[in-house]
Amino acid sequence: MPISSVFETKIERISILDHDGSFDESLGKGLIPDQDAVALYRHMMLCRQFDEIAFKLQRSGRMGTYPENRGQEATSLGAAYVLEKSDWLVTCYRENAGLFWRGLPMEKILLHWMGDERGNQIDPDLHITPLAIPIGTQMLHAVGLAWADKYRGEKSISCTFFGDGATSEGDFHEAMNFAANLEIPTIFFCQNNGWAISVPTKLQCSAPTIAQRALAYGMRTIQVDGNDIFAVVKAVRDAADHARKTSQPSFIEATTYRLGDHTTADDARRYRDSDEVEKWNQQEPMIRLRKYLEQRDLWDESRQSEMLAKAEKVVAEVVKNAEEIEDPIQTDMFDSMYASIPENLKAQRRTMRTTSLGQDPSQLPTPNTARA
Amino acid sequence: MANLTLVQAINLALIQEMEQDDRVLVLGEDVGINGGVFRVTEGLHKRFGGHRVVDSPLAESGIIGTAVGLAMGGLRPVAEIQFEGFLGPAYDQICTHAARMRTRTRGGLTVPLTVRVPVGGGIHAPELHSDSPEAIYTHTPGLKVVMPSSPYDAKGLLVSAIRDPDPVIFFEPKRIYRAFREEVPEDEYTVPIGEARIVREGSEMTMVSWGASVIHCMNAIEASGRDIELIDLRTICPLDIDTVVTSVRKTARAVIVHEAPLTCGIGSELSARIMEHCFLDLESPVQRVAGFDVIMPYYKLELDYLPDADRIGKAIEETAAY
Amino acid sequence: MPISSVFETKIERISILDHDGSFDESLGKGLIPDQDAVALYRHMMLCRQFDEIAFKLQRSGRMGTYPENRGQEATSLGAAYVLEKSDWLVTCYRENAGLFWRGLPMEKILLHWMGDERGNQIDPDLHITPLAIPIGTQMLHAVGLAWADKYRGEKSISCTFFGDGATSEGDFHEAMNFAANLEIPTIFFCQNNGWAISVPTKLQCSAPTIAQRALAYGMRTIQVDGNDIFAVVKAVRDAADHARKTSQPSFIEATTYRLGDHTTADDARRYRDSDEVEKWNQQEPMIRLRKYLEQRDLWDESRQSEMLAKAEKVVAEVVKNAEEIEDPIQTDMFDSMYASIPENLKAQRRTMRTTSLGQDPSQLPTPNTARA
Amino acid sequence: MANLTLVQAINLALIQEMEQDDRVLVLGEDVGINGGVFRVTEGLHKRFGGHRVVDSPLAESGIIGTAVGLAMGGLRPVAEIQFEGFLGPAYDQICTHAARMRTRTRGGLTVPLTVRVPVGGGIHAPELHSDSPEAIYTHTPGLKVVMPSSPYDAKGLLVSAIRDPDPVIFFEPKRIYRAFREEVPEDEYTVPIGEARIVREGSEMTMVSWGASVIHCMNAIEASGRDIELIDLRTICPLDIDTVVTSVRKTARAVIVHEAPLTCGIGSELSARIMEHCFLDLESPVQRVAGFDVIMPYYKLELDYLPDADRIGKAIEETAAY
């Protein structure tokens, strides 16, 4: 046979709760119980409030660079809602919603962006890794973490989050390939928000979908409406079930949009249309979830303002806690370098404010050394 | 003459080199319409088009690896890596290929590549946005490593780097990107790679530094009231050891200042060479004021990590008193 | 629409001249004119002879490690046959056949493995890069080289060769992605020979084909029988036409087999069955091409022995040239480090055999320095 | 006791640590059925199965990145990188994550990872199979860097490395993998990380080296007929500077020998520290005998590049005569 077919496939996209509030019962029924849907919406409100205040802290000089999460709440939240607490969440920096749902104290995220490593000192029972600053590098850790659990015969899995831009990095490829070939139960969750700073997705991936990146590894893959928490929940639940049953990884591309600038150091008006932003403002995840709840009499204006007031109070408290923490001491920079500090580091630590570093007292002539 | 910041001086150098040599193209993350996250490539995309100012995918090894190919193919790519903390993924292409291609092929294929990289701490940036890896690339033969400390030098050195037939890592001290302005000729000029600059002459002691630390050295020297000779290396590799040695033979004392961690930093090489060449001249051990041997801390502690005029001042007194 | 399809594809495999000598006229007719088919076969014989002698040079201690090329001649040769001399060949280390066809003097390859950089000093008009030792890294150069030609408005393209193992490296991914997104006319030619040293292909790529790696980038892709030079020629010709017309890259997976050890430092019996090797010995590229020629009266036993004698003579001459080259001089290691040697390197060069390095004469006290 | 080569001693250490600690697993290219290209992991796959001895895909960043995850997840991975020339692709995961995770999380997540890497020249290998990048990883805070020069030390240090709660780069000098045998206890013992070894005592001069160069130092010392103290660092980071300083205070002269290029090598750090601590004791400048500042040449010239007894002998005489 001169020409034969050696591979055939297709990729599906799931959307359940549309931005106009229409809901597909066939896929969506029973997916999220009513009280959970309310809880998720309330959580989104809290996160939105946090995001707004964090932004203002930066603008008023009380915090360093901050990446707004606004518009992307449904992705990590949907995943965290589905997953077990023993499953690892290996995130980038736009997953506040999922991390807070898991139980990360909100002040940790503020501390991180306030330039304080204590923001990354996380209760190990939460199974959370610190925010990843170097793009694309954390997926490999997610693979290693799930592998460690598999090695011990545990049923836990890992779920790692990253952007569209991150899929251009070599480490992304290596992580996907390791997971597929070594059968590691990791969910690769790509938040395709259309941009990597100023670079549009098509310059990171000229293929019609990012979901098809997974075909390179023969990996299960799907695209979902990432502003639709029902679609996210369904995709993650399917992927997690599959992972626990077969120990195989999956890929999820969630299409979403960052409504704000890349970070507070960015000005997105330089490179994108206000029309585009406007369009996505209509499609963001909270409006549609609110419509869904209101259609079912689970939510109304008074609950909305009550929750808003609560969110304001909670976040104000969080800011207070983050700002009131005592300053780190200068020598903190030495203390977690190694499990036990080597001698020459001890010397640097001991003398850091008393000498120039170069001239550690130990380098001065010993009594029995005569000056030439 | 124009009164320019370091960012503007670099921008001007890029524009002028692109104007006069078709082979020069710029590539990197966000260097196009956005003009780079520090706005160093501002206006270039509009002026020269997407053909010559290329927004690359988010992949540092890809940027350097394709740039190596572009350079082997006869062009003069200027690649931007967004922060020195993201040089890591490109380390292999830089050290395994850019640095080796000429000698591997005995001159058959060469890599006239410039890699522009913002470097150093002090701007309250997130993790991995404040490091100083110049020693890593200096320990790798086959590269040149440059770090200007002023707008004038920045423009002149970048022009030299772009025209250099070999790969140059051009570190831009981000802390002083906009810290001050300086008169910079609009006309073409170059500052040669490999020549240190005597910032001020002095007889009591030699101080050697580069990049943003040079300013702190000046402050410390002024505060000390002593007659200290300050040398700005400008080029880290190849090292202009003659200028340093000549100075130390005169002053008999030396202090070296840099941001990178002490151990195996450029300071160690300078110290060793000063001792080798000025052994009989030295009145006191060469002192190094450097970052501690710890990971550059998040920004609440970064100023406690970075050498400052206070620590440099202590070294001056200790060295003078030895 | 809750579930929609966002991507569909299939991948084809081409095979024209089968290992039993059967030939598909519909695809193969006119692909390679008779006199060229003879020339290609003769060239394969020459390469096989070279390979055997190179192996023996290593075994007798006259050369360092050498990677046998045996069994993989059809891939790079088919490509080099199709491409123009102005197109770049960016190879790994099992592409002797293609490089020699392009015109690389055979002693260059010997010199390389004899530990002599002059083996990489290649006439620039040949458009060849040196053998790549670090796996997976050279594809990026191929992209840059084709980009440079495109930048200048030239019609040249590049073709880069690599193994199945190489597709696991991050740089492979970045090269594919750059080429696809920036529209660089590079042909990515994967020689899937079943093994990366001792690691079988399924541990590098658990997907059914390597060809599907290209789907991640929306890149044109095909699988061919890599021991069938007709299939290779067809695939490369299609890819090259496409590249020149559209400036787009393509991917080709050529299935083949390395009949020898990984290199002379390897012993493949440790990890693979002799049955497998036996099977592939029947399917190797030369037997079937010889059958093809003989069926058409283009070849016979006497031409075979005549060519063998010629090959032996040519290769003996090549060995002689490589071995007779004068030794490199010690200072050669300095001379190509930079376009012009910096002062401190000059000092090292000047003193390399007279001092210990540390004590360059310049560090000795100057006349006006008094000894303390 | 058994009479073992360095390869065998490492193999034994791996077997014993895997036997006694379930958390130890081995991963890398060709480490499984093939037993590694140098046969260091020979027999492990058969003994412990594919679950604990894992043939990874051909991707060094992937090996180290997943190993970082394994370690954060509570295991004790021992990753093999096939040659030091292929550490490059893993540089970023090592320096950005392995080295930083503990301090980044203030002790919350740690990386008890061992990275085994054959290192150095002299075996007539192809390009990128003969380098010595130990200074690169020493300049990166957060790592430990070890390089044994004997079977006994190799076994004891590898056990320490595997048990160490922090990441250790364990360099194995491939030139002496099988160069000689030594009595190595079969029983468990450790050689502590961070302690140099005085190979022979002496009063005239101190010589400091590590890895395969130690043998050349011995030969040069014997040929010189002088009373020279030889220190094998064994651990490069953290540096056991006390042992070195104590020796130089006694001998007043020092020579450092290493394979890596001179500039910014470990020799520069040692030289600078010796000067800082022994300034008044030194009778001559500390000398460095190192690789030249060139790319390690292909093997026809590698012996002209590597420090040998001849060059070391010259340094001894020069230093003594100063």
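Letters are used for the chains, namely A, B, C and D, taken in the order the chains are written, and counting of residues starts over at 1 for each.
Methods note: a contact is a pair of C-beta atoms (placed from the backbone, for glycine too) under 8 Å apart; a residue touches a chain by one contact, two chains touch by 3 or more.
None of these values were measured; they are calculated from a predicted model.
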Chain whose Cα centroid lies at the greatest distance from that of chain B: C
Where chain B and chain D are represented by their mean Cα positions, the distance between them in whole Å: 30
Separation of chain A from chain C, taking each centre as the mean of its C-alpha atoms, in whole Å: 42
Distance between chain centroids, defined by C-alpha means - chain C, chain D (Å): 34
Per-residue multi-chain contacts in chain A, two or more chains: 117, 134, 168-171, 174, 177, 181, 203-204, 332-333, 337, 344-345, 358-359, 363, 372
Where chain D touches two or more other chains, by residue: 56-57, 59, 61-62, 85, 88-89, 92, 96, 103-104, 127-128, 141-142, 239, 276, 279, 285-288, 293-295
Overall pattern in which the protein chains touch one another (line/ring/star/complete/other): complete
Chain A partner contacts - residues on chain C that touch it in the complex: 1-16, 24, 26-28, 168-174, 177, 180-181, 202-209, 211-218, 223, 372
Chain B - residues contacting chain D, complex: 61, 85, 88-89, 91-92, 95-96, 99-100, 103-104, 127-128, 135-136, 138-139, 141-142, 237, 239, 260-261, 263-269, 271-272, 275-276, 279, 282, 284-288, 293-295
Complex contact set, residues of chain C against chain D: 64-65, 112-117, 133-136, 165-166, 168-171, 196-199, 203-204, 265-266, 270-271, 327-328, 330, 332-334, 337, 344-345, 348-349, 352, 355-359, 363
Of all residues in chain D, those that touch chain A in their complex: 25, 51, 54, 56-57, 59, 61-62, 65-75, 77, 89, 92-93, 96-97, 102-110, 141-142, 144, 164-166, 194, 238-239, 241-242, 249, 276-277, 279-281
Chain D residues within the chain C interface of the complex: 29-30, 32-35, 37, 55-59, 61-62, 85-86, 88-89, 124-129, 255, 262, 285-290, 292-295, 297-302, 304-305, 307, 311-312, 314-315, 318-319
